[in-house]
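What follows is a structure written as structure tokens; I'll ask about it next.
Letters A, B and C mark the chains in the order given here, with residues in each chain numbered from 1 onward.
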Amino acid sequence: MADINLTINGQKVTVPEGITVLEAAKQIGIDIPTFCYEKGLTAPGACRICVVEIKGWRNLPPSCITTVAQGMEVETESPAVVEARKTILELLVANHPLDCLSCEKSGNCKLQDYSYRYGVASQTRFEGEKHEFGIDDSNPYIYRDLNKCILCGKCVATCRAVSDRNVLDFAYRGFNTKIATFMDTDLKDSTCVYCNRCVAICPVGAIVDKTMMGKGRGWELEKKEVTCTFCDSGCKFDVNYKDGKFMGVTAKSPDQGRPLCLKGRLGIELIYNPDKSELPLINKDGEFVETSWEEALGIAPIIEKLTAQKK
Amino acid sequence: MSITLTINGQKVTVPAGTTVLEAAAQAGIDIPTFCHDPELSKPGACRICVVEIKGMRNLPPSCVTTVVEGMEVETESADVVEARRTILDLLLANHPEDCMTCQKFGDCKLAEYAYRYGVRKASFVGDKSDFPVDESSAVLYRDMNKCILCGKCVRVCAEIVGRSVYDFTSRGFTTKVAPALDVGLGEIDESKCVSCGSCVAVCPVGAIVEKNMMGKARPWEVKKVKTTCPYCGCGCNFDLNVKDGKVVGVTSNPSSEVNGRHLCVKGRFGYDFIHSSDRLTRPLIKKDGEFVEASWDEAIRYVAYRMKEIKEKNGSEAMGVLTSARCTNEENYLMNKMARVAFGTNNIDHCARL
Amino acid sequence: MTNSIGEIKDCDYMLVIGSNTTETHPIISIEMRKALKNGATLVVADPRKTEIAELAKVHVPLKPGANIPLVMTMCNVIIEEGLYDKEFVTNRTEGFDELKEATAAFTPEAYAGVIGVSADTIREIARGFAKANNAAIFYTMGITQHTSGTTNVLAIANLSMLTGQIGKPSSGVNPLRGQNNVQGACDMGGLPNVFPGYQAVTDPANIEKFTRAWGVQQSEKVGLTVGEMMDAAHHGDLKALYILGENPMLSDPDISHVEKALDNLEFLVVQDLFLTETAMLADVVLPGASFAEKDGTFSNTERRVQRVRKAVEPVAGKADWEVISEVLTMMGYPHEYCSASDVFNEMVSITPQYAGMSFARLDQGGLQWPCPTADHPGTKYLHEGKFSRGLGKFTAVDFEPPAELPDEEYPFVLNTGRRLYHYHTGTMTRRAKGLNTIYSEETIEINPADACSLEVGDGDTVKVSSRRGSIMAKANVTKRVPQGMVFTSFHFSEVAVNFLTNTARDPIAKIPELKVAAVKVEKIS
């Protein structure tokens, strides 16, 4: 593959042919904001927060889907770029609940990070309707507040990446567009298996891990990465501690071929939570009921056999 | 004399005269506070620190209630939590929803307690303050719409800094903290503010923040490195706030032995020079009257060679060293060796006399 | 300082001489305010009505250079009225009779005019000082930057010993150091007459000790001070100079003289953060590292050794201690230090005051020297029970007026000092946006009466000239300065006041008389 030479913010960089401007910038330590882009998923180029200025180009192309070309001159923080990003953020903030004070995602939220970075205050020049979707608090694992959704679509894509899941998609049109399950039911009544792929990938506070709510702000938690050994997929999880105390297990965004599952997450919790007084809840005939750890982890038959052997 | 009491079922023994708040802290129990500050007088005004004490009619503020033998205190009882939630709810009802970009967010007591007690959106609807922001100071940014009127800035300025720049003005809903005649803080001839920033150090919310840190880093993104101030001889300590290898601010470190949380304008706001574009980044060697950039290796070799040459030709007494009252002890010690070991002379001095 | 900063709040009598404390040592002034709140009496002797003077019960508008008359008349009153601490004088001092004799002539009446206050006031403050439980003296350059600097300090020592106001908590003699590590630079042997830890180069035992420690024969010949080095360079006797983090081209008296001296050198190395006025003259400039870029220690004015911690990488790649040790190595004296802590450990092994210190201990908190052993907690105040030399010695001092007094041609006294918002030659603070916004332009302070007679209005540009040079700046007409005096700082290169100052030096400490120079003032616009 041929090498491509280009300039980003005056810095010369040589990269392999075919990579995007976003990736090239990353190679030299230049951070371009992104919402809808996610490595490993198809880039829709939808959110436009990653736009850059390229000399000779008519418009500001999104860097996540623009491949590098020989001699390209890219500016990632030029006044035009910054203005475009500010406008995008202002439009997003105009229809966003200003709930950072108690939002679980605060401190780890891309919308908040970029608003701070580009000085977009809560009171924007755009005023208008705000969403008033009902909150999906139907299950013990995932809390969905679609009023906070910025429609980046990453949850849809990551869910679809595991063939038997495909729980979410865009529904409705225009201002009413939202991410929904089939027939727009709560998660409880959907085919969701609470693998939390969507939780791990959501850039804002629209989909959060319910078990972590109120347990600590992003910056207060200390994370320890562990690899699940329940099957051969090797999914990664974070064990979260606050002031040295166990707070919970959260899913990490998976690489390709790593599905993540609820069983794995609960299993990790069983290993790391010193206080396992709470029993896991599983969906039985449309209702969440407490169940034994053996059953939740799917190891009841094995234990039965082992016990039988012992006898 | 010591007093024994029970806090949340835990027995605690403390000296007489201790407040319930202090006794709880000693037992490792955290009671929220807004207006309380161990260094300042105690107005007992904000009421967020109320606790339940068996036999007492109301919920007393723990910061001004002294312990009594046999007292039974509950710091998180249902009544206490309800009272705190109501206080927070009322404060939030008149607070800008600006956490997204507020410089204080991540280090804000209002946000911390709202999260702790699960107060999400204010349930009271009403007027909101609409004070103009005071941007007149070169170093401080005051947004009185975020002020919760705890009065700590008023007290620290009067009781510690000794200037009484601030006080409460107006009445009722329009009450706000302001310099005399409500002038801008930056109009220093009138406000008499010396920009020491002790008010920033005590403000529990985002009402007073360091202007030069705004937009530079969120509190959770910075690494804090405790060090000693490079200015006068007081030897104040503070935390350098570092993000991505750059110093983005200075904040007080309460464990500082000499100065506590207090600093002067130079210590708190005089760090821009660190990343000044005027800083020398390469050694320079003068060739034909012009400075030419050189590598460290070349420059150090050249210095050593020339010094040795002059010493051999003219003797040690032709050599001299001016060391620096600005540099560290270690560097001064080595400069002392430069003179006495390498140059072979006692010709060493510095600007102690200036 | 013989006392600690933390002891100030418990003083019940504070005599501040020649210190603009609220501007130059703001944190110490906070402690003084605490003492005032606790009921202490504050007396401030300063020609200018500074903010600390406004806070004082008595402000002595001292005439320039009248420190000795003030202190000696106080001693006179204390001896005459039998207010001195007889027990202390008997047990801990010597030379009382000589002092008594020397003070005899210093009656308040005889010197009230020289000092600038009434005889009654002198009596009042003398009595207050002597009778106080814990009286402390604080001074800065207003005492020392005089041709009589050393005698001024000796006079202060007389006063404190006479009244027994030394060697106990909240009571002693407290010079406030103007720079972050001026204490440390002195402690580390950054002086021509002493090795690290004030071990005199004239003592053969010390020569032997350091020759053995460093492996190089040491010289017993006292070296040259800054000013003397400048003179020697001027005469061609000094050929090579290595300057670390100093800007004598702005800070030293009579800049033209300094420039000629530095120009005359065969080889000048300057190691600094910026291309300063001094670095411009160098043959080699080595980039320095700021306090945020290196590990080490500073020693503050109360002898507290505290950690400096590296927060960011050195802008130019090397910390100063690394550069210096590499130069030493390259000159044939191998120095292999892995860290600042290695250098510190070598230093403490030959510096008795620091012997008990280590980075590990300092990381738990600062330590005040003397700290002789690893389990010694450090020393909060000096001279408890015994002075360093054994008995405290009274010195019979006499009044010598400043070297250059106003005359017909140069009718004003030029006084120099510092501002709250800036520091030294401004290389750091002038580059701090906030500070330079608040205080962006230097002015010349002049009394309204003088301004009136010169027809100078507030903000008019004036030219101030001495026998050595002249500067121009806007006038700040204020009652802060007394009649016959003008004042400005040395922070601004645009108003480089040291073009005017006098190089006349104290014969012992060699400190230049930066507080008094004769100047004339002319209105330009």
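Following the convention adopted for this analysis, a residue touches a chain if its C-beta (ideal position, glycine included) is under 8 Å from a C-beta of that chain, and two chains touch if they have at least 3 such contacts.
As the structure is a computational prediction, the values presented were derived from the model and not from experiment.
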Assign the assembly's chain-to-chain touch graph to one of these shapes: line, ring, star, complete, other.
line
Point out which chain occupies the most central position, where each centre is the mean of Cα atoms.
B
Centre to centre, using CA atoms, which chain is the farthest one from chain B?
A
When A-B is set beside B-C, which has more C-beta pairs in contact?
B-C
Please tell me the distance, in whole Å, between the geometric centres of chain A and chain C computed from their C-alpha atoms.
60
Return the distance between the CA-based centres of chain A and chain B, expressed in whole Å.
35
Taking the mean of the C-alpha atoms as each chain's centre, how many Å separate chain B from chain C?
29
Per the touch rule, the chain A residues reaching chain B in their complex are 93, 98-102, 106-107, 111-112, 115-117, 119-123, 214, 217-219
As the complex stands, chain B meets chain C at residues 138-139, 160-162, 186, 188, 194-196, 211-212, 223, 225-237, 240, 242, 245-247, 257-259, 262-266, 269-276, 278-286, 291, 296, 299-308, 310-311, 314, 316-342, 344-354
Where on chain B is chain A touching in the complex?
92, 96-101, 105-106, 110-111, 114-115, 118-121, 215, 218-220
